[in-house]
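Once you scroll down, you'll see the structures, which are given as structure tokens.
In the two complexes that follow, chain A is the common piece, with chain B as its partner first and chain C second.
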Partner chain A sequence: MGKAITMRELAAADGQVVRLDPADFVPLPPPYDGAEGRPPLRSLTESQKQRLDDSLDGFTALRLPHPQNREEEDQLVRRFLEGVRRLLSADDNWTFLGPLMLRLDYCAKCQTCAEACPIYLASGRQEIYRPTFRSELLRRIIKKYVAPGGRIWSGFQGADVDLNWRTVARLGELAYRCTLCRRCAQVCPIGIGNALIAREIRKVFSQELGLAPPELHRLGTVQQLKIGSSTGMSPAALMDSIELMQEEVEEKTGMKFAWPVDREGADILLIHNAGEFLSWPENPEAFAIILEKAGISWTLSSELVGYDAVNYGVWYDDVQLARIALRHAEVARKLKVKKIVIGECGHAHKALTVVADRILGGELNVPRESCLTLLDHLVSSGRLRLDPQRNDFPVTLHDPCNIVRLMGIVEPQRRILRRIAPRFREMSPSGTRNYCCGGGSGFAIMDGLNFPDWRSGVAGRMKFKQILDAFAGELDASVPKYVCAPCSNCKGQLRGLLDYFDATRKCGIYYGGLVELIVNAMADLERPFITFDADLIPAVRA
Partner chain B sequence: MPEIEYKDKKIEVDEDGFIQDPDLWNNDLAEFLARMEGIENMTEDHWKVVNFLRNYYLEFGIAPMIRKLCKETGFTLKYIYELFPSGPAKGACKIAGLPKPTGCV
Partner chain C sequence: MILSVSQGFCLLCVVVFALGLAVRAVRYSRAPMHLRWELYPVPHEAGKPYGGSYYEEPDWWKRPRKRTFSGDLKVMLSEIFLHAGLWQHNRKMWVVSYPFHLGIYFVAVFLVLLVVGGVAGDLALVLHNLTLGFGLAGMLLVIVGGVGVLARRLTDPDLRSLTAPADYFNLGFILALAVTWFVTWLCVDPSFALARGFVRGVFDAAPATPVPHAVAAEMVLLGLFLVYLPFTHMSHFIGKWFTYHHVRWDDSPNLGAAYERKVAAALNRPVGWSAPHISKPGKKKTWAELAREVE
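Then we have the complex of A and B:
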């Protein structure tokens, strides 16, 4: 059990508030029941500590530099409070004020949510990771410093928090200790979630203080809008990658065809997470093979942003969110496609199909569909000749939070797997009750400093436990096993997790998307599409 | 921003040691960066990887797909790890003076 800590202590502590000890973490099943299941967490180096504030728990997502003097400290507090005031104003926060106020006003503090949170559980119930902890901290700050009469009554209303720069910095970091998986909202008796509060805190830091993890903002949305993709991939680089993928498809399947790019009037504009092109090219390759074999009229786009479905704005910033969503819709409108189909990318589903509905008006409200329902349709239609025996290895399914819990797309991917993977088994719990992979809300791409240790050691721990449990009795490395994760971010996280625990070499656990399994089951392919070879997997940790 | 000392000059690097100004790169700096990665002697094969990465970056502004790197150099991923123990991205790209790969990669 983590150490109890009060909000007052959080504000007052001079050094690091919490020191995580892997011995407290939730135990893993064999072969990870010993030291292998508790790798030590790296600290920042001394020179990094001198520059950056890691005083919450020894990690930093925001990379806030230490304020150099009193003026800088005060400025941080002042700008934060101004930002919170704007967050509570209908003019400045028309996007999320309603849902935010519901969450701030109605939490009964029953704590049912705590036992649903994978980070709280995995960490050994660290108080600071309790889902209501950061929400409550924000509530108390609002009560004492922002609400009318706050300073006078605060002592009687549970508003006992002292706002100084450290409180602000630690609250900002705390907003990046939640993957926005919304499992807490699901178990709440009145449907209140803490994820949206965490996300709104991130928004204050980004929009008002100019503070966001560089991977999300400077190298993320800013780079995407400027160069075309958060990977830095320009249209020319995209075309070069497509050329290579076309060659690979021919080598693997004998199918020679030019991928449709910018084909006006196609039925479907398929938008992948551009990370697929660079890190998992077999995924776009498998999509191309399936669509081509099924005779679908489809196209990719080579317009700026039109080939990268990601929209990191959904995690931290409304302005960037809207800019990217509008760009996606504009690309589809110009191509005169009937609909956009979003590839295997969870947060892109949330951003473009759910959230963007509020900003896409008129002809920009192009119909959007998940790839999973389309694939379900194609597999069920019998247009593809499939032989499930080709997937004769253990398979389990990871449910990406944004596609499954948020959007309720539960059965399509399962109907497919029951058809093509004879040794498919569920994780427990699964479907809308799944655990987040631990890489949600941007964590999977936040690779700087020692953050990956926290991400794999803590945030992804419940998922890793689920994977081991799903394959119990078959963990011998000689039996290749496949975790099917139809989401780029989840795959990025799984890559890190499996590497962190050395689980591919030790237990034969591999991962990949859904389309790869479909193509691997194609009856007329001469050789398997999926290869299980630990030597072909790039390591993640330096 | 952290800095490294190179020939009495200070060079800005990011938190993971990737140089910030790609124009500062030259063969000598590459050898210096390689030593920081624990590679004492840059062989012909090391240079083959580094030069390919460098040229690809100059043409396209990013690092190539790993599959492309293997195909063009004729090296297996395993061999590239033997050359660059910290890997193609964190090792070879860093020595080739590329920025750290970003996005969902």
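Then we have the complex of A and C:
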């Protein structure tokens, strides 16, 4: 059971508020029911602690430096309050003012949401990770410091929190202890949720104070807008990468064809998460093979931003969200394509298709479609010759929150798997009730300092438990198992998670996308497209 | 029409109550168009009970949307009358919260019947019995459920940690109201004839007839509660409409001129945020201008 802590204590406490103990965490099934299931969590080094505030729980996502004097402390508080006022302004926050007002006004504090939160549950019910904790902290700050007459009624309304730089810093960190998976909102009897409030707090920090995790802002959206991709990949580097991937496809499949780039008037502009080009090139390769075999008119873009579907703004900053969404739409407009198809990237799906829907107008409102819908159509229509026996190994499906719970794309990927993976089984719970991988809202790419330990040890724990449960009875390392995750960030998180628990070596658990499985099932390919690590496990069809 | 002080006060309270709720509803409905933030399952998606959406269809923008009002209605009715979500996800809370809310519904029906009876004058026996039945059942359910909710909030550490004094006050207020009405019924007004007479006096041309202090007190307490309610989160029955229909189930795509106009208007709003990647010296920029900058 987590440490009971009040908001007053959160504001007042010197030093670290909560010390996480893996012994408190939710237990995992065998073979992780012992010490293997509770790897130690690294602390910051002393010199890092000297520089950065980790006083919430010993981790830092924001990397907020300690204020050097009273003036800096006061400035942080003052600017934070200014930002909170802007959140309540129709001009500055038309994007989410309505939903925010409802969330501030109507929480009944019934705590139904707590039992739905994978982070709260996995951590052993740490009070600070309770979904309502950060929401209530912001609510109380607004009641006391922003609402008219707030200080008079603050005691009655429970707004007993004292606002000082520590409160601000800890609230900022708390906003990065939620993956924005919105499972809490699904169970809320009033229909509100806490993720939006976490995101609004992130917005105050980014849009007013200029503070955001560097992976999301400086190395993320800023780099994407200036260089073309959050990976740092320039258009020239993209072309080199495509050339390499073309060669790899030829080597693996014997198929020799030039990938269409900047082909004006193509039916489809396919935009991948550019992380795929660097970390999982087999994913864009598989897409190219499928589209080529199906005879689809498609193209990639080599324009700035046009070859990277990511939009980290959706996690922390509405201005950056709008800027990137506009670039994506502009690229499609210039290429005169009929539609944009978004590759296997969950947040890119939601950002461009759903959230930015009310930013894009006129010619920029180019139709957007999920790759899963297109793939389902191609597989169902029989345009690809597929032999499911080529995927004769245990497969389970991870549902990316952004695609499933937040967009309602649930069945296409399942229809495909039922056709091509004879040993497919669901996780429990699945579909719109599935657990987040733990890498949501940017966590998967936040690799600084000791944050990955928290991400894998706490945020991804329920997902890891689900994976182990899905493969129960088959966890022998000699049986290769495939977690199908049609989302780049989820794959990034799974990579870290399986590594953290050494699950590939111990249990033979692998991960990858959906298109790789489709290509692996292609009856006319001589060799398997998916190969499991030969040092550990024989290739599936060796 | 000559009203007693208490009748006049209660009438004023009803007006403030209605105005307060109307202001809330108008405030939410007039909030600027926001970016989409829906959550699945969205029950008006026809033929997709597993939580699917129109995004599952190829070229979805070319197809007519298949919406079913009955899907929304089914969820709404089960939420309103059974608190199905709470039953499914928080049974311990439902056990006390549901009787409490059901009691409030019954009391609301009772008050409507009281007004109907007051306006109609002589009552048919069925109306008389209905008033009595809804009133007593409602008060008892509110008392039993309210005590249960209070006990849960006081004894369950998960609930106690974030419960504010105002939350206890609100519960106490409702309980005090229910107990006052129940005791008055028990001791002074066994058929609610006096309460009905009090209401009738509001609509009657005749001079106010004096009522026992207990009846006047229960009416004044009710009036105070009605004035107080719209300014608290107890008005969540208004908010819930908006949280579901304007956010959670709002999956309307930006297709057509109406949305185009709204988008254009929203993007023309000025931006005041101060972070270095947004704010530059000079005139405030609009969202449209900022979005075109590369930062």
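As a convention for this text, the second predicted complex is superposed on the first by the 533 of 542 C-alpha atoms of A that agree within 3 Å, B and C clash if a C-alpha of one lies under 4 Å from a C-alpha of the other, contacts with A are read in each partner's own complex, and residues count from 1 in each chain.
The rule is simple: a residue touches a chain if its C-beta (ideal position, glycine included) is under 8 Å from a C-beta of that chain, and two chains touch if they have at least 3 such contacts.
Just so it is clear, the model here is predicted, and its values are computed rather than measured.
Participant: After superposing on the shared chain, does chain C or chain B touch more chain A residues?
Facilitator: C
Participant: Please work out whether A:Asn311 is in contact with chain B alone, chain C alone, both, or neither, and reply first, second, both or neither.
Facilitator: Neither chain B nor chain C is touched by A:Asn311.
Participant: For A:Gln320, is the partner it touches chain B (first), chain C (second), both, or none of the two (neither)?
Facilitator: After superposition on chain A, A:Gln320 lies in contact with chain C alone.
Participant: Answer with first, second, both or neither: which of chain B and chain C does A:Ser456 touch in the superposed model?
Facilitator: neither
Participant: By the touch definition at the top of the document, which applies to A:Gly275: first (chain B), second (chain C), both, or neither?
Facilitator: A:Gly275 sits against chain B, while chain C stays out of touch.
Participant: Which of the two partners, first being chain B and second being chain C, lies in contact with A:Asp105: first, second, both, or neither?
Facilitator: The answer is second: A:Asp105 touches chain C but not chain B.
Participant: With the two structures laid over each other on chain A, which partner does A:Glu136 touch: chain B (first), chain C (second), both, or neither?
Facilitator: Second partner only.
Participant: Check whether A:Gln48 is in contact with chain B, with chain C, with both or with neither, and answer first, second, both or neither.
Facilitator: The first partner, chain B, only.
Participant: Going by the contact rule set out at the top, does A:Asn283 touch chain B (first), chain C (second), both, or neither?
Facilitator: A:Asn283 contacts neither chain B nor chain C.
Participant: Which positions of chain A touch chain B when the two form their complex?
Facilitator: 47-48, 51, 63, 215, 219-220, 223-224, 227, 229-234, 236-237, 240-241, 244, 248, 273-279, 281, 308, 310, 345, 444-445, 447-449, 488-489, 492, 535-539, 542
Participant: Residues of chain C touching chain A in their complex?
Facilitator: So the residues of chain C in touch with chain A come to 27-28, 31-42, 45, 48, 50-61, 79, 83, 85-86, 88-90, 93, 97, 157-159, 161-167, 169, 233, 236, 239-240, 242-244, 246-248, 251, 253-254, 259-260, 262-264, 266-267, 269-278, 287, 290-295.
Participant: Given the complex with chain C, which residues does chain A contribute to the contact?
Facilitator: 4, 6, 79, 82-83, 86, 89-92, 94-99, 101-102, 105-112, 114-116, 127, 130, 132-133, 136, 155-159, 182, 185-193, 196, 206-210, 217, 222, 225-226, 318-320, 322-323, 326, 339, 353-362, 365, 367, 369-370, 373-374, 376-377, 404-412, 431-432
Participant: Going by the contact rule at the top, pick out the chain B residues touching chain A in the complex.
Facilitator: Touching chain A from chain B are residues 2, 14-16, 59-68, 71, 76-78, 81, 86-91, 99-105.
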